Amino acid sequence: MHGEPNQLKYTDIHNDVVRSIVETGPNYYIALVTAFALTLICFFFPWFYQLYYGIGAAGMNHPSVWGTYLASFIFWIGLSHSGTLLSCVLHITNSSWRKAMYRSAEAMTLFSLVVAAIMVMVHVGRPWFIHWAAPYPNQMEMWPNFRSPLLFDVMAITTYLTGSTIFIYMGSIPDFAAVRDRTRGWRNTMYSLMSLGWRGTDTEWHRLHWAYTFLAVLIIPLAVSVHSIVSWDFAMSIVPALHQTIFAPYFVVGAIYSGTAGIVTVMFVLRKFMDFGQYITELHFDNLGKLLLVLSLLWTYINVVEVFTGFYSGASGETEALNYRLFGFYAPLYWEMITFCAIAPLLCAFKSFRTSFVPMLVLSIAINIGMYTERFLIVATSLSRQYLPDAWGLYVPSAVEISILLGTFALFTTLFLLFVKVFPSVSMYEVKETMESPKKSPPAASEGSPA
Amino acid sequence: MPNIDRRDFIKLVGAGGVGVGAGVVLRESIKHPKEHLIPHVLAPEDYSSGVATWYNSVCSMCSAGCGISVRTREGRAKKIEGNPSHAVNQGGLCAVGQAGLQVLYNPDRLTGPLLQSANRGSDGFTQITWEDGLTRVASRLDVLRAAGRGNRIALLTRGVGGHLAELLESFAEGVGTDQLHHYDYDHPHALYAANERFFGKQHLPYYDLSNTRHLLSFGADYLAGWLSPVHHSLGFANSRHGGDNRGYFVQIEPRMSPSGAAADEWVPAKPGTEGILALGLAHHIVASGHYEGEDINEWKDVLSAYTLEKVAEETDVSESVLRRLAESFANASPSLAIGGDGAGNNSNGVDTLVAINALNYLAGNVGEVGGVIFNPDPAGATSHSRQANYQTLAQLAESARAGEIDVLILNDVNPVFTMPLASEFKAALAQIPFIVSLSSFIDETSALADVILPSHTYLESWGDAFPEQGVGFSIGAVSQPVIAPLYNTKATGDIVLDLARRIGKPMRWDSTEDCIKDGWNKIYQESDSNTRTESFESFWTALLKAGVWGKKNHLKTDTSRPNANTIASIGVDAPTFSGDAELYPFVLQPYRSGMHDGRAANLPWIQELPDAMTSVVYGSWVEINPKTAKDLGLTEGDLVDIESVEGAVRAPILVYPAIRPDVIAMPIGQGHTNYGRYASNRGANPLEILSPLVDDNSGNVASNATRVKIVATGKHVEIVKTGGKSRDLGRDIVQTTGGDDHTAQTNSIPITVIPT
Amino acid sequence: MNVSIQPALKSLQTAALIAVVAVVGIFVGYFIDFLITDNPEVSAPEQPIAFSHKIHAGDNEIPCQYCHTEARRSPSAGVPSVNKCMGCHNEVATESPLIRQVSEYWENKEPIPWVKVHDLPDFVHFTHKRHVQAGIACQTCHGPVETMDKISVHSRNNDGPTLLASTTGEIMNSETSAVAATQNDHWEMGLCLNCHKQHDVVDGKAVRVDDGGFDNGLDCWTCHK
Amino acid sequence: MSFLDRITEGWRKNRKPGYYEDFDYHWAMTIDLDQCSGCGACVTACQAENNLPIVGEDAFTKGREIKWLRIEHYWEGEYPDVKLNVIPMMCQHCDSAPCETVCPVSATYHNQDGLNTQIYNRCIGTRSCAVYCPYEVRYFNYNDHTWESPLDQQLNPDVSVREKGVMEKCTFCIQRIRQAKDNAKDDGRRRVRDGEVQPACVQTCPSKAMVFGDRNDPQSQVSQSLNDPRSYKVLDELNTNSSVVYLKKVEAEG
């Protein structure tokens, strides 16, 4: 390891980051090709089969008409949360430790959202007509149904996707410029275009900071609303155990929780394989560990409340749904979720745990498995135990569904692997801000301005 | 503008070309494919494309004879509905009746005559021409007839009523055989025998459910299969709608049937003791002074043995329940007791049904509105005298084995499926040198034929029906073709007429239509000349249009009194069962499910119709009491062998809350081995393992008298059913109200009441 | 150090041009196909017998419903039976080669396999009966069939409010008739909706109003069921 | 009508009781559970009339049957005091239907006859309506269904055959309702007579347990039946304002 970050020179940062973009070892290609092949085999081929055959390729039935596709959708939306949201909150609160990791966190947001949007396409029965959910004038004189929570969802996700894209792009402009200045050939052309002619003048810096902060403030309520709206897809129904006021905060907390865990995973990977040891340090893991602890307590609290409300309601539908979730067919999954998401994160109370990388990685993966289970349970248990007992059913995912679920991870990985070769995955200029200014020898002009 | 060099130019041209090509392909691909508009050459008179035409006809899916209206569009039958003006069903129709369309459009239908060119029972059927087929059959028949050995020809047909029965009769006469048998598995032989013994009439009377206030049903599943289920449903509904006089329905049977579920009270008496129970009630009625007839002493004598204590012990029904039932039955007016199915299919079946007749007599229900009403003689022929019971078929098999049958003609009948294995019927058929089948389908029996001359379905051919269980007065209906024949098939009647011509014994009709018309001409001639239409042709047109004909000739005053001998002969023995009670602890009750006797199993709609009680589709199951299941350590879906002395069938367990612990039940209908793609190799046929225990009084097999044991196989299958959890969990989904509430009901919906 | 975006843009010009050309090409191809196949001369499918509506409905002024008798009493307008053709052509133009073809079909008792020109998707349940009875001229949707030798999908009618032969044979114009000729080429939902919004049924006839409202067949189940 | 007006109209429609009194019809059905024997004739009638697919055994095993009308079974008590209560369950055509609000493309909405519509060709298959429906009477086409020739010749030409990815449900036999309206217009009548239109299930019911008609007409059979003291709605506590009303089963004393 190269030691503490403040012993780094500005040049080192540039070199490290540009190297990570320009120099591509065979390992990267192996990883990329593998990920892409897996995406094709696990995601696209089953999906094409499903398009041809119908949703029947999945395991859904009557009455469990929703399945893992929707669970995956919520999961990826949830994963998307921490990225931009966390980045915004930390930006506004001026937490300097965020700066090394926020770029990859935001990328995670972006790609999770993309995957989530694709999951919507996978989920619906006739994706070739999905554009009907968008409001546009047409000869049929038909508009979408503005009362539908699903339509809110479409709107919210599109907005969030747009916001996140602008946010990550804007934050990267100075870094693009930096890369532009250190590359030539087609890369130079590309980064010239992407940096939009950034020169690093004071005015530009001023405007960037202003706009960046403005966007950050704007995105926080947006992010909260997106997952609230996702929760409304369920909470606005009258299905027992779904029709609950607590659902919006539950989903938001769950989203941030799983997203934070996701960041831990991604940071570990970056640190390990991209050689970013100087930038992503124990400090980051320590802080994220604290955050995980707080979120897990919040999440547990909401779960306890949910169980209590169901128990206390005395309504046959609610108690049966609760009983089914806790002790029914899917009960092992429920207790797995409790173990992973409520009990295991308590380890974060120990500093020694928070600052050790591999245990944190294991924990973060466990949390996300638990959180996926949570989403699956929300969909599966509630739908199979509704009002009319004679219409109760059972839902077990099919091979196609499981394959597509795994394929989404491959898809995400592919996108992320492409990302790290295009975007500087650590924000150079912001990392520099956290460093002490070099007093004696300011960087030569040829090294460029702080950008 | 950038400098475009040669290379760039080629790139541009290439891109443009690909783009244009893609555009053309795109537009071509979204175009609609070419379709044709095929007009008529000569449009039929009543045809209008896009407008439905309705034809009235008669349902032939069972023997109830419901009137149907068939909706046709562009010359294709689209939907079968009940004929609202037909007195039997008044617009209603059961599931099987509606699925008749799938008999017509069944993908497994035979499209032309077939000749078995390989071994019998194999798939070696080859297409032949009608000429070829008819010649082959006629030559065989002709040889026998000419040699005066016509009796070596046997005819076995599905129960056919009306003038078609006459036609077959005439054919049998022509070829010189008396071996003409109509065969329906569920023909109520016991009921005929009991009525003959008690009332002196071998007829089915009309059971007036509609007006009765108290119904005791001994095993008769009157809503789902017994005699005329649709008509009984109407009567049931009408009785239920009586406001203050709402009818009270009691079902006495060991396994709850749909009628039992619909009843107000279900009494699980021991199997086979229904008659004893009836006599117990009769005893109480006589003993408590409810009956005051002249022959009271004779009744007292014959019933003395049936005290309530003794009956309670034998039937496993508590004395208080018996007393209450007897009291309410005697006090309600009118009341009605019916018996059949389960109660009639025991070793003491006829005695049981006689006891039930006696109960009706003692309660004063005979010949009364809301009781047992005698139908006038049907206007057309009925087939009962020709109906083959188990003994007749066993006899036929015996003759076949003895080499006394040379030719067997089968018409749409499947005894190989419905006869117990113990009868060795299938093996007997193998001894017959030449078998010809007129079925529309290959089934287990016609698969054994040498020649198959496929007949039309009932929707393509002429026929008529005079439902015998009737409505209390004379009724009849003509079955007319509603669609031009789909395939190269012929009407049964026409095939028979053709054969008769070929063997030099032409009948007096040219065609089936001719025969039916001729028959109706007689009815027309016999009708009251004051009220009838001016010509037969106008009568005929009106008949086809209305789809039904009726004559108000109620037999109101007829009160058949049993004589002293009849009374003295009343008595029900304890039922006997085949198989040792120790080794075979359970009594098997094969019951009729939605598939009728199995003939509807090849209709996908019926396969996909969830069972009325269990919501099972596509398969067989074994119903078993929860307690028994627990004792045996079995749960739903456990595959078991049901073993009787005669053999075993394999089916999964279904825990059924409403069945006696000492009884298990299986639905009839599945277990076909060769009956088209929808029925073959699906489920099990419980009839196979029945013991050939015959009730001598009816000559029919006592199908509820076989003892079995359950042998677990250790395997487990998923029973395919539509329901989830069949418990309400206090959610008040089906709400009920006490006896008082319903009396306030005044806005009852009028249902056409059949005048009696 | 050049930080301007211009050089990068320049170097991309060729690639961008290729992309633009390809995309434009798709539109061009689509349009070319449209031009070729949507020309009435081409798009009108070859019929088994070269029947001319111009001769029958135009020159000889035979009312539409003389042959398409079902139109006023059935959802489908119906194609006349071969018998109907022979009804006249037993006497009329019996020697014409085309009529010979017809009588050949008649003698063989074979139907004439006409090719369908106007087609609605299977999920649209249009009824001729109601529209004909409301006094809407056939030409409103089918275009000036009486001028066509060959029926084509694209019965473009760009002549403005033309005189329309009504279903009963009398002539009415767009002022008196409820419905003006449509200029909409495509039988798409918008075409139906436009008309339904602008018209109401008074005494069984379609009458032009400003806002037909929801009652007037704007319920989706009017056509889709 | 301005955009705003349309929105307010939409709100009014969902809020105001008796909204449908302004219109010609408000279709409703009553089912007398005291007369229903659960025989299943209605199930087959529905299947025949509405082109419901023959899904096959596999689909049943997976729970993918399509039965717009099904019979639900509820056992009560244990042997020997055991009872079976059956109830036909189909789309209740709720006036405050949860499914209508959730469809993002308005493929299901309430029409002016008080019917809960389902427009197959508009449906994109989110299946959310099926989740929102407390009666679970919406059925999804998990794949394209085929009718083995010549079974396809039975298909009702007045009803669309649904493709994969589309939700479907009971329509109260809208094709029959429209046909009846059409006939009324032919006869120069403004209204359909009571009893002139019957959905396939009502028509075929052997025990005449079902009554269908116009609730706006106080003289109609169904209006009278709705006033029966035994009438109740399933899951009424959810305030769905359903148009299918059941009459309680009577538990008489022997």
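First chain written, first letter: the chains are A, B, C and D, and each begins at residue 1.
Throughout what follows, contacts are C-beta pairs under 8 Å (C-beta built on N, C-alpha and C of every residue); 3 or more make two chains touch, one makes a residue touch a chain.
Given the structure is predicted, the values throughout are model-derived calculations rather than measurements.
Chemist: Need the central chain here, defined by C-alpha centroid distance to the all-chain C-alpha centroid.
Modeler: The most central chain, going by mean C-alpha position, is D.
Chemist: Determine the centre-to-centre distance between chain A and chain D, using the mean Cα coordinates as centres, and give it in whole Å.
Modeler: 42
Chemist: Would you kindly tell me how far, in whole Å, the mean C-alpha position of chain C lies from that of chain A?
Modeler: Roughly 52 Å, centre to centre.
Chemist: Counting in whole Å, what is the centre-to-centre distance of chain C and chain D, each centre being its mean C-alpha position?
Modeler: It comes to 36 Å between the two C-alpha centres.
Chemist: What is the distance, in whole Å, between the centres of chain B and chain D, each centre taken as the mean of its C-alpha atoms?
Modeler: Measuring from centre to centre gives 30 Å for this pair.
Chemist: When you check chain A against every other chain, which residues touch at least two of them?
Modeler: Answer for chain A, listing residues that touch two or more other chains: 387-391, 393.
Chemist: Which residues does chain B have that touch at least 2 chains other than itself?
Modeler: Chain B, residues with two or more chain partners: 50, 615, 723, 726-728, 733.
Chemist: Two or more other chains in contact with one residue: find those residues in chain D.
Modeler: 65, 72-74, 109, 122, 235
Chemist: Classify the chain contact graph as line, ring, star, complete or other.
Modeler: If you draw each chain as a dot and join those that touch, every dot ends up joined to every other.
Chemist: Could you list, by residue number, the parts of chain B that touch chain C in their complex?
Modeler: Going through chain B, the ones touching chain C are 2, 4, 8, 11-12, 15-28, 31-32, 34-43, 48-51.
Chemist: In their shared complex, at which residues does chain B touch chain A?
Modeler: That would be residues 615, 723-731, 733 of chain B.
Chemist: Please give the residue numbers of chain D that touch chain C in the complex, ascending.
Modeler: 1, 23, 109, 111-113, 115, 117, 119-122, 158-161, 171, 174-175, 178, 182, 185-186, 188
Chemist: For the complex, give me every residue of chain A touching chain B.
Modeler: Those residues of chain A that touch chain B are 316-317, 320, 387-393.
Chemist: So in the complex, which bits of chain C are touching chain A?
Modeler: 1-5, 7-9, 11-12, 188-190, 193
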